[in-house]
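One chain, chain A, links the two complexes that follow: it is found with chain B in the first and with chain C in the second.
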Partner chain A sequence: MQYLIAFVVGGLICAAAQLVLEYTKLAPVHVLVGLTVLGAISAGIGIYEPFLQFAGAGALVPVSGFGSSITRGMLSEIKRLGWEGLFTGAFEITGLGLAAAVVFGSLMAIASRPRD
Partner chain B sequence: MKPQEYQQLVRENQPPRRTWRNVILAFVVGGSFSLIGQIVLDFVSGVERTTDEASAITLAIMILIGAVLTGLGIYDEIAEIGGAGAAVPITGFSNTVTAAAMEFRREGFILGMGAKMFVIAGPVLVYGILSGFLVALIKSVVLGYF
Partner chain C sequence: MATRRVGGQTIFFEDLPKLVSAHTIVGKNEGQGPYSEYFDEILEDDLLGQPTAEKAERQILQQAVEQALSKYGLVPKDIQYYVSGDLLNQVISAVFSARNLAIPFLGIFSACGTFAQSLGLGSILLHGGFASKVLVATSSHYQTAERQYRYPIELNIQHRPTNQHTVTGAGACVLSADGEGPKITHVTFGRIVDMGLKDPNDMGSAMAPAAFDTLEKHLKDIECSPDHYDLILTGDLGRQGFKMLKIIAEKKGLALGTNLQDGGVLIYGEDPKYGAGASGAACSAVMTLGYGLSLLREGKIRRLLLVGTGALLNQLTVQQGDSIPTIAHAVAIEA
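Right, the complex of A and B next:
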């Protein structure tokens, strides 16, 4: 059941993004930024947490889940460290993935034959 | 030919809009990535104690999947079909990083790959952190966390 919910919720977020792309002149990167900001803000307000509980990866995998992870990391680090958490927390949850993106992205670029 | 007639002709010969087809494909492709993410999340949750750690590792594994699919040239094909369904999941974020690294490598490792790797992922990071900072600051002040 959790798999079905994840599929439907994650799919709906992507379908909504596609609708925005179809009916506006926005570039994909605008939509990605918008979704990320939406996720980050709704995590701060406290509505992304129950959404994550309900939809699991359906809420985590779309880039809005990445945005919410930034805020969630900040809030948990603020409770642990105080004001420093506002800065260190941004990478508390996302840091692992970000470093992974840099490392694996570079590896792929080095391994692949440059195209011209 | 009158301008109105010309407009009519242009309208008739435009390729048919495939809006709904694209939306459904985005749903299916985006949903599939979320489903894979759920399988990973369930597996990781069995090993990790906290939800934050499980989230972090799941995101990283999805980023690895995105990077490998991009390196193999498969992600481009998925993106062709899925549109936003391929761009919106975190695998798409990883795709933009890896694709930029691969593309700009020929401009050099420092000024090409190093400088331009985050050419698309950068704005996502910048505005994610700025907006997160703002709401976390407001929440902390209002609720007296400091």
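Right, the complex of A and C next:
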């Protein structure tokens, strides 16, 4: 059941983003940044956490999950360090994903060539 | 001095410049399209084994130039001017292709309308007696154009149905004062038309008014109806722009028949993978020199009007929200 919910919710987020791409003049980059910001803000006002509990990976894997991780990392670091947490926290949870993206991206770039 | 102008915008030639030699090269995708038989060379590998697409593009252009020369038994020093351009910043592919030729080089830019502009300027150089042979060539490459105008293809951005696919390829030809070959009779250089369209994903619609403007001026100047030409070949309006051109023509009361075709619509056929069709500086070059010249030489058509269309945008103007200025140049070629 958990898998099904994750599948459906994740799919719905992506479908919504695709609809924005299809029916507006926004570029893929706008959608990417927009979803990230939405995730970050909704985590800040406490909506994303229960959503994560409900949908699991379905809410975490889309880029809105990345946005929420930025905020959640900040919030936990603020509790630990005070205001410095605002600066150290952004990459607290997301650091793993970012580093992985850089490392695997670089490896793929070395290993492959683009084709049309 | 007798003027060789007719009407408001058109020039005509008396000693007709001739297209004595031509060579077209296209990439793999274009080679799988319905017009592949008209192209001289179809690449197995769009990158030609080069480390970057930019290096590949200039090599394709260089190869087209070398072939166009050698087919007619010419060497670079037989040519007085090399008129060339492409889509990249500082017409850099053309610059590199001219590096080894060691002849006077004129780099020009009208985006995808560059080929028509270079044919026109080359003809003027010949007719003015400033040259006896002029080399004309243009190129484009899907990967280099995507990188410069949109996103590098590595990003794998989704395309829209109105997006056009830049032709990978090059076309080169030798214009000569004497010899045998299809002749250039008239040239109508276009003016910039900007209807305020801003969508870089729909350049066809932006270019259609420019195509119409030049076509209408040309026909008015030479006092002929569209059926004077057996084939009116617009450069790269694509399905969207071609539809727009027909709508504009109908509204303005210009009856365009089945002799009107578009290189961007034709080259890939109906395959939806290519969005609204083809674009690129090579599109009108290979369709004119491949398809158009073949029909002229085989006697299937007698008169061809190339209307080379160009969308004069760059990434900065798009990002800063500017509209897209467009242009179209018309060149009349007779068997």
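Basically, the second predicted complex is superposed on the first by the 112 of 116 C-alpha atoms of A that agree within 3 Å, B and C clash if a C-alpha of one lies under 4 Å from a C-alpha of the other, contacts with A are read in each partner's own complex, and residues count from 1 in each chain.
Rule of thumb we're sticking to: a residue touches a chain if its C-beta (ideal position, glycine included) is under 8 Å from a C-beta of that chain, and two chains touch if they have at least 3 such contacts.
Predicted, not measured: the structure shown is a model, and the values here were computed from it.
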Please indicate which partner A:104 is in contact with in the superposed arrangement: first for chain B, second for chain C, both, or neither. first
Review point. After lining up the shared chain so the two structures overlap, which partner does A:21 touch, if you call chain B first and chain C second: first, second, both or neither?
Key: both
Of chain B and chain C, the partner touching more residues of chain A is B
Q.
Is A:35 touching anything from chain B or chain C once the two structures are fitted on A? First, second, both or neither.
A. first
Footprint intersection on chain A (chain B / chain C) at 21, 28, 109, 114-116
Listed in rising order, the residues of chain B that touch chain A in the complex are 17, 19, 22-42, 51-52, 55-60, 62-64, 67-68, 70-71, 82-85, 87-94, 97-98, 100-103, 105-106, 113, 117, 120-121, 123-125, 127-129, 131-140, 145-146
The chain A residues in contact with chain C across the complex are 21, 25, 28, 109, 113-116
Given the complex, residues on chain C that touch chain A span 27, 29, 46-47, 142-143, 146, 152-154, 157-158, 168, 199, 201
Note: in the complex, chain A contacts chain B through residues 2-3, 6-15, 17-23, 28-29, 31-33, 35-37, 39-41, 43-45, 52, 56-58, 60-63, 65-67, 69-76, 78-79, 82-83, 85-86, 89-90, 92-98, 100-102, 104-112, 114-116
